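Written out below as structure tokens is the structure these notes cover.
For reference, chains read A, B, C and D in written order, and residue numbers begin at 1 within each chain.
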């Protein structure tokens, strides 16, 4: 059995060849537009947290582990291997990251160990999928189970012996001191406190991005362009990606497909492990059993959301992190304000569909949706706590429902590859 | 198995006293070492073990398990000759009710639940809302911005009791005080008790939203609340045990007080009663009056308001103040 | 000749799981040795305890629950659909079914039927949502079901409130739906001698579901279309299968079975959905479906094995042995069983090609050189 | 052996043996290729040509035997060894990643780099342009491969080889998907290469081509080299006989069986890409009972989409009528049940469940019909019995009906599909490349079955890249180009060359 997913797009059709290319100016314009929109909604609703320094800071912190897991997924899938075992590799990362951080008294040792722990999970996955040709999903599920059992076992054996540790948690991990971009903090903060429309919003967002940021966060963010650079600009990357698109073609040109797949999956595990280490060392400062809470799966979702590209994936995890931070910080108010934002965005989409695409029916449906959301916004004044908590998940689902058809995964993802067998 | 081996298999250097009972203890998820409410039960057990020369066997629940598995755990203890058997957590309610019937000669204690009744069942209950009332009052008294917060781990009735008492206490001092509340996850997702990252973000949100004292009833996520308080230069209130003692050294100084839920005392008292053959079936409520719940003063941060708090305590004990145990709405 | 071939084929089918269990036992032995426990003694405890009558009943009961979950996952897998959402589907289904079952009093068979029907419907709808999203919007069911799991949690938590579907239990910190009356309960069966504990009546339903699954797959047109789509979507489309309909249909069916996951527990033991209702069964179901190769009989064995390990682990705690080794063991079994299956599959395939080659060579003229 | 002229051949293979489970693909193969020659290798399907070439290219390792390049013995562990020895190969199936650009496909594995790691894109682009210009390949390095037609892809493949500086080129059936004009262009390039000292190994089933371009021809039968001949001293017929050991079948229809009853009528059929570009553009035709309508066209000119539209697999505008019923809005299944049979172009992707037994493959596409189904149930025994009948009547070589379809050879798989589609008593048969990649024996059998069914009144839509087949088997012949029917030609007096030029649009509107 091979679980590769049934595609529901019009069967047998040639995939759309047109790809829009995002250039830096467009990305910046888009981001600025988004902040303007947020500022408008903030002023309209009084939900100040939408553009607060703290929310942005927390959003980044929430996005990083998801993004790292997503990068892990990206590396594996670009080489043709589905990695549903990200969650397990992340779990290994939390444990080993915490253990080494405590044992060596140095958080950076934890960072390295977390990556290594995840990489071991990746190696196991590579062994199963590449060498033994096991279905990728099966192997991933098994790794999740094994990792869960292993860390429970290790905690019981090792953390219980440590001062402050226990069966379900590690001792406190030494901290990595956060850094701030010098000089701009004070003036920006002064601006931010003025509550001027737009100006304060920009100032706050900048503050959130530049002040009190963990160096580990910076490292994680750097890994996004680094991944892009390696995979899309170097010979190594081209070969690796070719293994995910058409491994026979790569093999016929002398590329050793097996070893590239191995490297990719091990790196994938290391990234997921880093995500776990981040969670333990920076986000929590401690290892707790079950602290990954499904973030590995969310990382996978962010990767698909991002169309198997580093930039898109970063956007996906940021969206997730941002909505999660909002709901955790001032859930009821902020999420309620988001309803207005969604309503405005839907109106924008409806107009686009009408004017640029002449899709009248779609535009009407979207407009009705916008109206409905607005009504909900208008007649309620907060969102029940039980609902705010799935905001990030719902948003992801909705965005995918709108944009999924444009996604294009590497052509050979999930397919078994055996040297000299397929054509 | 590491740390509790000796207690079960018997430590040769410390010959078991002849009258020593064989105690069975079934933990909720997390077990010994969860630095929270299971740990408190373990402390009570340890105290009893040394004092009465008892031996014990401790079993632990797994996440997501069925009632049948809990029952089986209790049965294993009962059939293994363990008597009394203590079950920690309301999830053991039905299993205890059932297994206690099967073993009428074994005494059972059930922490946090009085729905299971039986001639051999002692229900150990806590008035968490009363203790929370006092720390709520403390928070209101300490808040300079007239704004405080509550972080709950998972939105379940038990934690709502903490919230209700806390809010009532704060409002009692300052009726117009602003209280922010946040639960980290919804049942049956119990990861809210294990996710310090979420605890930190939620508390930061509250501090940014104007609060300067935050009370956490979030189990393992509470550490995140303390970290956030430290960074915001604000105060936090601990829960269950005296967290100014147990928390990490770096955050101890932000914990002005803790709401003490003395599961250890309850467990110890029950075991002591068992040793002296004076165990009574039915509910024992560990409230302010008997010192089953309380607030802590470690660190001296509430010394200035101690008199006020003690006065409130007396009023609650005397029944002058009735503390609600349910949130409204 | 044919029978000889079949015997060998059956033997080959058994080789894989046996190999996997041996490997898992081996790895566990190493772990035990490292942590200073006596492996033989440990396995001895587990077998001893696991085969006591009462434990066997527990194993059967838990396996019943696992079975539905794995079946639900397997239905999807047979069509290359990965339903990670069984977890959310059964939780939501059990909650709403419990509320409905608790709210009414009907003659016994009707009452049970109604409750089960509600569960099946809710499960089917929740899974159908993912099916619809995939069929109409192309959203990967892997993501949508992960998201829907979380949304189901939120929705469930909102519903499980005294203002809505729940009633407070006096003196308890628990909260649950109104208990289902005796007419809505499914009595247990005395299947195993030597114990008072009864096997869930739902074990019969599970067996029927397994037979139904087998029958549906192998003897109905729908089943044929489902398997055809799973094997080759493009060929299925060309053969006239409406893949979009199949996606929705399969997800709905998978969700319907997922709706049954909570029923043995609800109607056979707890009679109410409360905070401590078992969770995570959907994920266990994935592992068991894979273990049983998505085949109803294989899944039955997988569920029993998994349940046996889970239950017999309880005894390890009593002997102060880490019961986590059982989790490790379960994971290793899944991994090694599929490796073994893969090796056997390769062996079979080349054996078959060899056979075709030989038969053809026998009929063909000899070639020079 | 006939050939002993030059002392040091570019390639020499001695006693090559390669076994696969159940088959000996090559046994004791000996082959000498002179430097600067175009050396053709011919043989039936499954004779072992591709395997031999893969061995020479390092993709398969021989079990026995010796390879010498320019006189020196070599051992190739992977294609990179072969590439280093100056060998390049264009595979029978394209080895291109659709989602990559031409440039990425070409440089993969031998990327020009700066500082050892970063790809030097501008150098690569320059190099590709140079080669493209030098050999007149006209390839744009920045286009995405998925947007290219087959001819372009072929040129990209050749460019890949040249880019690596190969001196010895292996071309495995490069002309299978090309029209005569494109074949001519390809041969012109080959001659240019040979003049510059390259050596070409060339595989084809089209014997005329082989005779026109090769300097020497080696025939392989059942895995072993039978003979090496000089094209000047042999004929197509003689080659065929060497290949098969018997006479070559000819596609032809004897008397006309065309009736007046219209079986399938298509009117104004238009299929659009997701971007809205028409790939099938306002196509209309009628097929009467007993008539075979051939559609000629260069691959990728809308034939596949036309078939999918008729089968209801792909949404289309226009009307389709079956006899007198409008079936435009019908599902694929309903069309099939009403008597439209379909031999798909790609049997592995659209015709078979490779990992299922033959009897289940009998059911595929006929899930609702007798003897496969009774109401909503599958009738296993009925299907099994009928599979046995098909295996028998259509001479499917298999040890039984329980083996997986993947275990059969291509020709036998195709016979099973033909048998299956004929069994439903179809009114109309859509046959896409019914004999593609099938060896001569099976080819003759399939033609016989088509003829017999036609005589019984079957209407056939025949699509094929084999122009001889099209001309020989069609009662009416139309040419499709750019999604439009551009001409109708008379199959009785058209030559393959004329048809070929009509297909490229050179002949103007009819």
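Here is the rule we use: contacts are C-beta pairs under 8 Å (C-beta built on N, C-alpha and C of every residue); 3 or more make two chains touch, one makes a residue touch a chain.
The shown structure was predicted, so the numbers you read here are calculated from the model rather than taken from an experiment.
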Most contacted chain pair (by C-beta pair count): A-C
Identity of the chain that, by mean CA position, is farthest from chain A: D
Chain A-chain C separation of Cα centroids, rounded to whole Å: 30
Chain centre separation in whole Å, for chain D relative to chain B (CA means): 75
Mean-CA-position distance for chain B and chain A (Å): 36
Contacts with two or more other chains, residues of chain C listed in rising order: 150, 153-154, 157-158, 234, 237-238, 322
Touching two or more other chains - residues of chain B: 1, 60, 63, 155, 185-186, 189
Interface hub residues of chain D, defined as touching at least two other chains: 313, 350
All pairs of touching chains, each written as two labels joined by a dash: A-B, A-C, A-D, B-C, C-D
Touch list for chain D against partner chain A, complex: 57, 59-60, 78-81, 83, 89, 91-93, 95-100, 104-105, 107-111, 113, 117-119, 144, 146-147, 160, 273-275, 308, 313-315, 350
Chain B-facing residues of chain C, complex: 37, 54-55, 58, 61-62, 65, 91, 150, 153-154, 156-158, 160, 168-175, 265, 269-270, 275-281, 310-311, 314-315, 317-323
Residue ranges of chain A touching chain B (in the complex, touch as defined): 49, 52-55, 58, 61-62, 156-157, 159-161, 164-169, 172, 175, 279, 283-286, 288-291, 293, 324-325, 328-331, 385-386, 389
Of chain B, residues touching chain A in the complex: 1-3, 30-35, 39, 60, 63, 155, 180, 182-186, 189, 191, 194-198, 200-202, 204-206, 208-209, 220-221, 223-224, 227, 248, 250
Of chain A, residues touching chain C in the complex: 1-9, 11-12, 84, 124, 128, 132-135, 137-139, 141-150, 152-153, 156-157, 294, 297-298, 300-301, 304-305, 384, 386-387, 389-390, 393-394, 396-397, 400-402, 404-405, 407
